[in-house]
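Shared between the two complexes below is subunit A, which pairs with subunit B and subunit C, respectively.
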Partner chain A sequence: MTATRAPVRPKAARVGRGGQRLAAWAFLLPALAYIVLFFGYPLVNNVSMSLREYSVRSFYTGEAPFVGLDNYVAVLGDPLFGTAVLNTAVFTVASIFFQFTIGLALAVFFNDRFPLSGLLRSLLLLPWLLPLVVSGAVWRWMLDQDHGVINAALRAVGLADGPTPWLTDPGWALPAVIIVNIWIGIPFNLVILHGGLRAIPSTLYEAAELDGASAWQRFRHVTWPLLRPVTAVVLMLGLVYTIKVFDVIMVVTGGGPANATQTLTTWAYQLSFDGDFAFGQGAAVGNLLVLVATVFGLLYLRSARASMREEQR
Partner chain B sequence: MTRYLRTAAGIAVVIVLLFPLYWMVNASLQPAGSLLKPNPDWLPVDGTLDGYRSALSTQGGHLMASLAVAAGTVVVSLAIAMPAAYALAQLRIRGVQAFVFALLIVQMVPGPVMANSLYTLFSEFSLIDSYLGLVLADSTATIPFAVLVLRAFMLSIPRELPEAARVDGAGYWRVFASIVVPISRNAMVTAGLFSFLFAWADFLFAVTLTTGRGIEPITVGIYRFIGNQSADWNAVLATAVMASIPAAVLLVIAQRYVVAGVTGGALKD
Partner chain C sequence: MSSAARTARNLVITGVTASALVLAGCGPSATDSGQAAGEITALDYYADQQGSKAWQQVLDTCAAETGIKVDRQTVPTDQLLPKVLKDASSRTLPDLLFTDNPSLQQIAATGALTPLTDYGISTDGYYPGIVKAGTYQDKVYGLAPGVNGLALIYNKKLLQEKGIEPPQTWEQLKAAATALTADGKYGLAFSALATEEGAWQFLPFFWSNGADLAKLDSPQGVEAMRFVNDLVTSGSASKSVLNWNQNDVADQFVAGNAAMMINGSWNLARLDETAGLDYGVVPIPTPRPGTAPVVALGGEVGAIPATGPDRQQAAAKVLGCILSEPNMVAWDKAHAYVPSKMDVAKKFGQENPAMQPFVSEVETARSRTAELGEKYSTVSQALGAALQSVLAGQQSPEDALRAAQEQAGRP
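Let's turn to the complex of A and B:
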């Protein structure tokens, strides 16, 4: 029986595999075409734009003379460049540090089951699901110098005697947008870290408890090491997302006052669209951002690759 | 007993963290004048719906525009992402890893870069100020995410199922349409939900790819509303409340899918 079938089977299998490959590409084609058109083209086009003198007139005349690296030289030489880089770094590091620590504390807190824990935890997701423009608008109102509830509350509890000019003073504006961004990012950290905590076998905690470990020791020697892979993913994703935050800053401060909250993202936008219409320079800043995001993106992939290999098995 | 203490502490945490949302609702119900008092009213005692009336009359059209764009984005995203996820999860082809990596990387491209280039692309094809343009632009964020979430789910469909159908003579399309799609319903809800929320909340594409002379989504409506010198805060915040409704509704009726989406998009590669 095997003797008569043996020569046929490989051939049939080969045809089947070929057909499957064809079918697979057919199913993949729309997505492939979309990615090439809406990611491939923009990325290439952005590089080309950054090497040209692109202005409003270019859209009508179709002429955008090649200027080499002039846009990059102009951008790097702009005094705003240093400001934007510094603001981006401070904004990103401070946001992530507090989002993560508060998110982790809450995840640990909600990890023990108690009445209503699930409901309360899912309610905390709400700030993350709201449109960023909505959150920005609400905070802008809360941080208002004269009529905002934050200043009213600080006054009521005696923490401040005069109103704090959160959004109008260059020294306060960056801390203000960071506070808003921390608030927005807590739920994401909470949910992912909570998922990671749930995956830690409870027997480990029981064993640690039997050995007389305190709550802190259980966290330090069981939770923290076992949560490390999830921690890496949360931090890398947080980094990649936070570096390019746009909506929050635009709505709360618009990059002001006096560029105190200008980051690379808002600056790239303003160069291109807000008054200047220096699309070439906007593209140059954008490409610098792509470069930075790619570096962190690759780091993220490295930390995520382990879990991907698991999945392939 | 300590369990109830935990509940009390948990409620306190929720009250503190959700206070901004309470404050938004509270302010949206206050008469415009009382918002300017030095000491704010903590409860909307003299509540009025004036803010909502004014919000609806000036922002109602923007809400409809956002609804149309978000619905369109869900349709386009799922139509493109479903077959791709099926191919990547169930059919054996080379280059799957490379494609998945590409999807992860493109999600990291900063928005202004996309907006910059799409603006020039769209102005050439007169897609500025169009629903189609916004749907296609918003899909840049939703399609990679949807493919990843759907693929992660489809990897868990036992291969015997589609293979049995193949043996019975069903073509790949048939297997996809009558087996894979129905089984993947929950993952489709998750991907669709996030596509909707993203497109509804999108601000960058909405503000760069519209001029204000045609359609204008609600996020831009709120932004320009605030930029307006005489910002009428109770109407602004009433608009903000209305713009929050989809998120709130989805959280209540589809909480399970929301959590699946947050974790699925981040961790399942």
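Let's turn to the complex of A and C:
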């Protein structure tokens, strides 16, 4: 949006200006129509739903009495709210931190060409290509307490005596789903960061090497600063992706045991569809989530604008 | 006009046309008049291979008998209700709907269903429990060609090796489960998910001990939950019961990882197909000797949504055919359900000994929604959550059930 400011035009060209403006709007219209239709409409509907008592009956009769902020009050007062917020925060921060560091390490590693590096890199994309439900189901088997391959492996190398209750202990379940999500998220970070690394001119490295910079210094003073814009994009997208993760948790633990892996998304689903059918409350949780994501989105736009201004200077 | 503007104009025209097309695609199709009574749509959740095949056979038979083409749709169990709600709001409900009996009253409460008496479908001869499950505000909206319940299924070989008789009481169940637990194998498997599935598996213990859904935290309820919890804490059942659905439980049993399981009759077809597995079935053990267990009445009921007189009549014909005795028996045989008509069930049990424990349980079985109606789902949700919390070691049975009662009692 920020880059579209029209350049200053000489006076003679003014005649075509009205037409230009019309053209600009016409170009915008399809995108606007798309956003309004497929993004705005559901969002407005969701907000309206969160302000109503929307029950199973409402679906057929269309009647849903307006209750103001009651749904939000109920959701905020629910003992599960704190748990869900904390779980969402831990899940998001831990996932992004490890996805990013491991992804970056792998990207740097694969930046050097060596035999089979291309093949290995494409194999690393596998977690990204698999349907989430498939990976989730496989992880659920692997993490099984009694017959899972992970516990068997841990026992075999002597890292654990007894079986680790990955999915059955409230203390272990959240780390378990975080591990699964890290595994799923690494390829995305790897690909984008690898692309960013490719864009750094090799002459800079050669110059640094001539100046006697060590491998770490080259990373710290060449790679890291030049990779910053890409890093910002990766982290931002990672945040938005991770905060709304639903399928992984749903397949691996279903939010359990005893709500230990309940995040805002799984909780919103549970409120709406599992037994309670409190669609208004589910919508309220969904809106809170949208709000959080929007705040981070705006923060990102601000920082992007600031860095762009810096570059233009 | 500059060329850019011309391009833009063309783009606008394209965009508007595309949007119009999209909108047209979203709306209800207008070609569906009430004339097409020669064809109906049906929705069910028999997504597993055996169940799906058996159900298709029933539909094929009735399509041939009535001359009405049945266009069948199947969704996974947990997506049926969301789909029905979606269809209800867009007025595209199927003409014939087969849903889990505890959710029938909720759907009926929306006003989307029509009473079966409108079509002359009689409830004579059915188990009172299943008629109650299909009744909302004194009108019958759903009837089932078969019902199911839970029983204790055991591995004959493993029990014989240890010289253990199939348990009949809680004491015996506990002793047997302990004795059968060895070498990474567990004595008992069941499902304790925090959902309706977990609640449904817990209800036989809860009800057989005299507890009541209207008061979850009664001493009887607490005692039942403590009994189930002891099975897990003593190690006789894996802690993984927290994550197992009933299919997972059957997997564990088939794999020989559990010597006994609490599971439903619909698994029998699969157990029969497993080579080298010799199993037996007994009613769920009761707290005291000589009493009958009270299990929850399971199974799907057929209902007819309001989709237009012609289509409703056609759907009623097909439903009537499905409920007729030969088709009822064919379906129940293929899917290991108990016929929902009493005299048919009696004969059925005599002819199929493995089904006899299920048949005798149905006589004392209780409809989950009989007492609470559409409020049942809230209560079962709270009960499932309490069960998880106890088995995960988060709360004592007393505290968990007290919290559940508070949650269920909230308006």
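Convention: the second predicted complex is superposed on the first by the 263 of 313 C-alpha atoms of A that agree within 3 Å, B and C clash if a C-alpha of one lies under 4 Å from a C-alpha of the other, contacts with A are read in each partner's own complex, and residues count from 1 in each chain.
Basically, contacts are C-beta pairs under 8 Å (C-beta built on N, C-alpha and C of every residue); 3 or more make two chains touch, one makes a residue touch a chain.
Fair warning: this is a prediction, and the values are worked out from it, not measured in the lab.
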A:Tyr41 in the overlay: touching subunit B, subunit C, both, or neither? Say first, second, both or neither.
first
Touching A:Thr61 in the superposition: subunit B (first), subunit C (second), both, neither?
second
Once chain A of both complexes is superposed, is A:Arg140 in touch with subunit B (first), subunit C (second), both, or neither?
both
Taking the superposition as given, does A:Gly275 touch the first partner, subunit B, the second, subunit C, both, or neither?
second
Once chain A of both complexes is superposed, is A:Gln20 in touch with subunit B (first), subunit C (second), both, or neither?
both
Check whether A:Phe110 is in contact with subunit B, with subunit C, with both or with neither, and answer first, second, both or neither.
first
Check whether A:Asp161 is in contact with subunit B, with subunit C, with both or with neither, and answer first, second, both or neither.
neither
Pick one for A:Thr265: touches subunit B only (first), subunit C only (second), both, or neither.
first
Is A:Pro257 touching anything from subunit B or subunit C once the two structures are fitted on A? First, second, both or neither.
second
Can you list the residues of subunit A that touch subunit B in one structure and subunit C in the other?
20, 23-24, 26-27, 30, 59, 140, 146-147, 273
Contacting residues of subunit A [partner subunit C, same complex]
16, 19-20, 22-24, 26-27, 29-30, 33, 37, 56-57, 59-62, 140, 144-147, 165, 167-170, 253-260, 273-277
Touching residues on subunit C, where the partner in the complex is subunit A:
1-2, 4-5, 7-9, 11-12, 14-15, 18-19, 22, 78, 81-82, 85-86, 88-89, 106-107, 109-112, 184, 186, 193-196, 238-240, 242-243, 257, 374, 377-378, 380-381, 384-385, 388-389, 391-394
Touching subunit A in the complex: which residues of subunit B?
3-4, 6-7, 9-11, 13-14, 17-18, 20-21, 23-24, 27, 35-40, 79-81, 83-84, 86-88, 91-93, 97, 99-106, 108-121, 123, 136-137, 139-140, 143-144, 147, 155, 172, 176, 197, 200-201, 203-204, 207-208, 218-219, 222-223, 226, 233, 236-237, 240, 243-244, 247-248, 250-251, 255, 258-259, 262-263, 266-269
Show me the residue ranges of subunit A that touch subunit B in the complex, using the header's touch definition.
17, 20-21, 23-28, 30-32, 34-35, 38-39, 41-43, 45-46, 49, 59, 106, 109-110, 112, 114-117, 120, 122-135, 137-142, 146-147, 149, 152, 183, 186, 188, 191-192, 195, 230, 233-234, 237, 240, 243-244, 246-247, 250-251, 265, 268-269, 272-273, 279, 282-283, 285-287, 289-290, 293-294, 296-297, 300-301, 304, 307-308, 311
